[in-house]
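First up is the structure itself, then whatever we jot down about it.
For reference, chains read A, B, C, D and E in written order, and residue numbers begin at 1 within each chain.
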Amino acid sequence: MSRIGVFVCHCGENISRTVDVEQVAKAAGEIPGVAYSCDYKYMCSDPGQTLLKKAVAEHKLDGVLVAACSPRMHEKTFRKAAESAGLNPYLCEMANIREHCSWVHEDREMATEKATGIVKLMVERVRKGKSLAPITVPVTKRALVIGGGIAGIQAALDIADAGHRVVLVERDPSIGGHMAQLSETFPTLDCSQCIMTPKMVDVANHPNITLYTYAEIEKVDGYIGNFQVTVKHKARSVDESKCTGCGVCMTKCPKKKIPNEFDQGHGMRPAIYVPFPQAVPNTPVIDRENCTMFQSGKCGVCAKVCGPGAVDYEQTDSFTVEDVGAIVVATGFKLYTIDRKPEDSPIQGYGEFGYGTIPDVIDGMTFERLASASGPTGGKILRPSDGKEPKQVVFIQCVGSRAREKGISYCSKVCCMYTAKHTMLYHHKVHDGQAYVFFMDARTPGKGYDEFWRRAVEEEEAVYIRGMVSRMYQKGDKIVVMGSDIQVGVQVEIEADLVVLATAVQAQDGADLLAQKLGISYDKYNFYSEAHAKLKPVECATAGIYLAGACQGPKDIPDTVSQASAAAAKVMTLFAKDQLERDPVVAKVNEKYCVGCFACKKVCAYGAIEEKEIRDRQGNLVKKVAYVNPGVCGGCGTCQATCPSKSIELDGYTDEQIMAMIEAL
Amino acid sequence: MQIITEQNLRNLIDLLVKEAKLVVGPKLSGSVVLYEPLTAGTELTLDALPRRSSKELFFPVCEDILSYKREGGAMKVTDVDRSKFPETVLFGAPPCDAGSPSILDAVMSWDYKDEFYLERRKKSTIVGIACTKGDDACFCRAVGLAPDTENGSDLFLTPLKDGSYACNAVTEKGQALVAAHKNLFAEGAGAEPVPFVDQAVQKLDLVKIKKWLEEHFEDPLWERIADICVGCGACAFICPACHCFDINDEGSTDDGVRRKHWDACGFAKFTNHASGHNPRDVQNKRYRNRIMHKFKYYDDKFGKTLCTGCGRCIRACPVGIDIAEILETINGKAE
Amino acid sequence: MHDFEPKIVAFVCTWCTYAGADLAGTSRMQYPPNVRVLKFPCTGRIDPVFILRAFQKGADGVLVSGCHPGDCHYMAGNFHARRRFAAFRALLDFIGVDLNRLQFSWVSAAEGGKWVEVVTDLTERVRTMGPMPEFKELEHEELWSTFAEATAGKSTGLNITGDRSQVLNTPELKEAYDSIS
Amino acid sequence: MCESKNIYLPNLATIETIVDETPDVRTLRLVFQDEAVRENFNFRAGQFAEYSSFGFGESTFCIASAPTRKGYIECCFRSVGRVTESLRRLEVGDTVGVRGPYGNSFPIEEFYGKSLVFIAGGIALPPLRTVIWNCLDLRDKFKDITIVYGARSEADLVYKHELKEWQERGDVRLVKCVDPGGAGPDFDGKVGFVPTVLEEAAPSAENTIALVCGPPIMIKFTLPVLERLGFSDDNIYTTLENRMKCGVGKCGRCNVGNVYVCKDGPVFTAREVKAMSQEF
Amino acid sequence: MNAKANKNQLTSIEPAYYEAVTEAIRKEAVKILKEDTVVGVVGYLPGRRKGTATPALVTSVEEAEKLVFSPACVNNLSVYLTKAKKGVLKQGKVGIVAKGCDMRALAGLMTESQLQREDLFIIGVVCPGVYGFGVERTGTLTEANIARKCRECIVHMPEGADVAAGTHAELADLTPEEAEEMARIEAMPQAERWAFWKEHFSRCIRCMACRQVCPFCYCEQCLCDKNRPQAVESSPRPAGNMAWHLVRAMHLAGRCGGCAECERVCPMDIPLNLLNRRMAKELKELYDYEAGLAPVEKGPLNQYKEDDDQSFIK
């Protein structure tokens, strides 16, 4: 038989005005299992808490119920008091007789009856409650950052600067990401590479950062504080430890006419290459698909010219397993490719814009490369088809974005600003040129953004036409752009030399596959889902995994960098302690009765449930059962409601407690 | 010979109901015939063997054996008032049902007396009826009973071809019943009795079978049966002789009832000890126990076979385990 | 005071509806005191068995309430609950439980007013429906063979329904019958 | 026995003291609430009872205290199941139900003038402890008394205080042991399994009765040892623990063949056990 | 198209059909036993009584030659494969004779990680139907003696078996009795529905035959055997019986493949399959899900869509 103490609070007059607290205390005293009950003016006050502590000692109480305000208000207070009196804090509960009773009812008799009822119910909860010990999880103070764009770089540097080791994994041969491709950035028009490349070098030189480029995530095991991540190092065909980065191989490579991805295919590179001159690391890779040696077995020039003998045609993909405590996902975005076939995707293409068929219809990133001093045209705006300087350029915004009927309903957030920037860059470079912009809205919230946009319109002479383009076709060396100006209500037809489409920002290819490996959730556009839209914008629902940058949704650079630093801060918070302590309200499996149907695993939103093998002494597999990783479990209890045999149970909300409460109704 | 017409038999039920007796007999309940309280003679249904045996008259599916309640600090336990058990008359039990109490009396009173059973038994009168139905699952003859076995009945009715019944008051209780309702019975020669149905299973040598069982505690037969037995309790629950039960508390720790209810030796956890030790841990041991209990142990202990050959378990077994066939097999094997 | 005060049980999630009910309190809104709130971490934790059990143990109405879709603190608990309860409702309906006694709602932490509305509606609706007899009666129902005081016509609530005029067709019988009645 | 008695009705008893023998084995000392029952409750060593925790049901254990000590009974159990776990949650002053005593007992009178060897393993000491104290209370009626008791580990030894008492008594030989790996640094007993330790201790079979109680596996290996030591099957007694519900020979659970352990047992000689069907 | 034409003509399935299926099963069973593909075959043997058959696990060629298939082969043999019941799988790969409805259970068990396809050799039976209960068992299957569940069978052809025994044969123009009965109950006033089920459930004696034959009741500890906390009273009283059947129906929702074994074996004739069909109907309507047509990743109650119906939620 339990010895529970019930403490009924007057809350000044807040409760006692409508509830006969003495009566409630008296009735509580008669409930089986209650050894002591009393009422007091302010239970949460110091004397109130002292009263509770004294009663626990004097009456040898093994559970405490405070009938007062909402547990959301003072549960922590009283649990702490109970703990200091030597009780397990989870054996202290609150009966809410203020918000749920005295404040919402006027009839004293009925309110008293209800308060008594609530107390009765909650006494059962305490009676069937169990002591719970806080769960501690050891933390490996080493972080993994996936993605070497600005987000990943920022996060990695922040974490590394805080003194923790970081593994940075980049899929491409070099870090830098999209930001390295940009010419200048809004709203300040500073040179992107000038601010980006020093950070890339910092990464390469940081003693706490291990950089893996040309590598991908193969597999993720473990949980917060204790992930084991298998990294696949794609065969580079160049031994990084030997390569000095002299670049002779690249200059000698006989195959030089391969479209360069970094320049959106508008520049050329050899088969052994670094994506761009400032690449970090400055170690080339061999593009095996385009390498004569790999395709026909005859060549081997690069190996011959390589002084240190770094070229290795035999190299194969290799794997390492990295133990990390936290993961920052910063995989970035890609631009919407217009010619996507409807059968591939629910997102329909924009065939009417002629992208891919009309050579001088390009996307925004290509324009960035054209405008970039390091780009294929050396910073001159020359159109792809004939290398002429375009005199009339049409920019079209919201290509892909905000077009629900075509499959993407969101705003890509950065296009308004970068298009404005493009018009400016164009104006700066082609003084006699004219930029037109078709737009739906100009969305320019952000520090200095609207001013920047206005500058484009008012000072840099870009003509903004509110409306959409309906049709476009090649006419001679011109592109006829037909659209409507809905503000004026007229049809517009422009003969353009170049058309730049501000295509939508989309999740990276394979974002869904990576999410599945990581066990994080993603939305229908494959952007990763944050744990809470407002209060946990950086965290994933899966503990220990954080989001940075455009992988979570379209973002500009400052937002991306902020989020990256925020993610880094979250990682540092996690790393601040050797052990991770968490609320012990987690599910546990009764392995004796679990039959391994894994319905629990199927409904677990946290990926906290794993399959565990039970073996006999001889090592034969007896059965597979569910195992809840307490470090990962969120404590919702959906698994328990799903389990047919109730072989999984949520501590703190056990069936026994709930049934007893129902019994006491 | 005493003769009662069918009409008067139904009238007798009406009278007994009126006398505030609990009158139980085969009655259509939903789509099945069960032994249930009759509220009128017209409800008596004699053309099908009830799905459950009449044992529940004495050994209910579930009954309270005590109640407990915490009053103030003290626990109070209250006994069941068995004196309130009603006077009962059972109608229409064929020999395979009417015969079961006389088998169960032994275990219910061999040392400790189960007063729940015995009180109900004391207050009941069994009006048995010779069985003229039967199907290929029946095997009462095989276990030493017959469609006209009177033993177990207080009053025994034999259906006659003209629709009336020849009555034989087997016991004092039976005589008393007749005496109290004399005007419903008539003296006479009676018509010819309705013939009995042939049974597929012939008389078995129960002594021989018992001997075989004694010598074949381990036998591939048990495993063969266990291969298909799914471990439900259908056979035991509808059996007139099975009497295993469980005791459980229902309610809270402060207020509740302790109940005794049917259990079955085929259930996997029937003999599971809290320590995890389970002497009958696999189905073949459990099924073996069922056969052994019926045809050996009970006989060893109480000198009776724990089976009346009603065939219910054969009809009900989900997987077609046929106890008559098993007995025939053993009978054939035994020397 | 009314003649019949229904017993209403509310199973609510702690993050949205419980907080919403708190808000109703801090806003000093008024609603009928019949409801007893059982707090769960999430509607995903609420087993249909609890609803069944609540009816068995005397509830006249049951409310299940949690976060609006998409607002679940645990991401998807309420989505799972939604399917589970859709199925359970169908089952209860099929066996003959009046679904007017079972209410599901989404009440967010900001919807103190909605909480009051939902609770008041359910309470008043159940009040007009009267006590829920089905499960409660079942609790006390025994099989005929169990009942210690069983006598014919009383044990199972059966009434003597046989047509006596047809049975008692002879004067002697009538006499015999009358003599004992 | 009174004719109209409800054989399933327990007597109420109050928990007087609680002793934790091991982390999961607990002894409850129970005092009957009804004075008449308290005075008249008699039992013999080896008998068992049905203990109920209201709301949870009944569980069967032997009466672990000695019949020579009146006024209370003791039971000792490991919390493994639902009922035992609920019994464990009870505290001093709480009420439990007790039905019994049931079953047969050790024929102690027949042991007069003989030497006794008690062999027990783990949680199976309580059924012998009642006999041990019974015999120690009548010490002069017996010759040598040897107790061989072992458990998995030192922590699993029950009645530690009494073991000490027996050890210190001059008139009892206590051989205490734990399984290999189960001994702490200060353990003063032997290390080894009970059958092995018994063989080493080699008590004389001359005019001696052996009483064995332990898990089935221990009994299986102990009987051959006793045979080697010269004990006849008639001079070896054991007590069986099968799952029981009614305790009074009705419910059909505890039977081993045609033997109802609850009625015909729980005490059997080795000869009887061997004669029982292979089921044991 | 041929099958369709066939279907319209058949008013009875003659013993010859079953004999042909029997032959095919025997041939296959013998073959896989001989080739050591399997350690045993779960099939049917004839029963002692006329028109009965019993399940059997055969391990030798001689026994395999005695296997039969007839309208009396009512059992869903997949129950023998789940470990809590029999665990014949422990010994190695096993052959199993499976009708279309049994295949649905097999698919469900694979969905729930209880079976691996590679552990099974499935001898599918193209099944025109089996006997109902309490009917004339003559060897010929007609509208008069076909089981209720078979009247609405959509899985005459066993999809996904290793081999199939038999050719398409179905009885024509069967009235969907189960659907009609369900509609009848649904049309009842609420109180009448309650009375209907209450009457049925009060007959329940908790013999657990329904649970023990159910391929999906493979829990090590059934909720109804768990009594602290007690969600379902273990005693066979009206209250606990109602709770038990509701809990069971809920647990089977989205899983039950409709073999109707629970209903067939109920010694008290409780129409249990109606509950399961009702749940299946609901889940089909709401989530377009039918259990057991193929192994899937998640059942309907283990997944959700953000836009699931919530018209019942305020």
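Points worth noting:
Note that in this section contacts are C-beta pairs under 8 Å (C-beta built on N, C-alpha and C of every residue); 3 or more make two chains touch, one makes a residue touch a chain.
Computed from a predicted structure; not experimentally measured.
Chain pairs A-C and A-B differ in how many C-beta pairs are in contact, and the one with more is A-C.
Of all chains, the one whose mean C-alpha position sits at the greatest distance from that of chain D is A. Taking each chain's centre as the average of its CA atoms, chain B and chain E sit 32 Å apart.
The geometric centre of chain A is 63 Å away from that of chain D, both derived from CA atoms. We define each chain's centre as the mean of its Cα atoms; on that basis chain C and chain D are separated by 50 Å.
Annotation: 38 Å between the Cα-based centres of chain B and chain C. In chain E, the residues touching two or more other chains are 223, 227-228, 230-231, 236-237, 301-303. For chain C, residues touching at least two other chains, in rising order: 48, 53, 76, 80, 84, 142-143, 146. Residue positions of chain A with contacts to 2 or more other chains are 603, 642, 655, 658-660, 663. The part of chain A that touches chain C in the complex is made up of residues 70-72, 96, 98-101, 103-107, 110-111, 113-114, 117-118, 121, 521, 529, 531-532, 541, 585, 603, 605-606, 634-638, 640-642, 650, 652-653, 655, 658-659, 661-663, 665. Note for the complex: chain E touches chain B at residues 47-50, 52-57, 75, 79-80, 85-86, 88, 199-200, 203, 205-209, 211-213, 225, 227, 230, 233-237, 261, 264-265, 267-269. Of all the residues in chain A, the ones that touch chain E in their complex are 592-599, 602-603, 623-624, 642, 644-647, 654-656, 658-660. Taken in their complex, chain A has these residues touching chain B: 32, 660, 663. Listed in rising order, the residues of chain E touching chain C in the complex are 185-186, 188, 190-198, 202, 223, 231-232, 236-239, 242-243, 246-247, 249-250, 253-254, 275, 278-279, 282-283, 286-287, 300-306, 308-310, 312-314.
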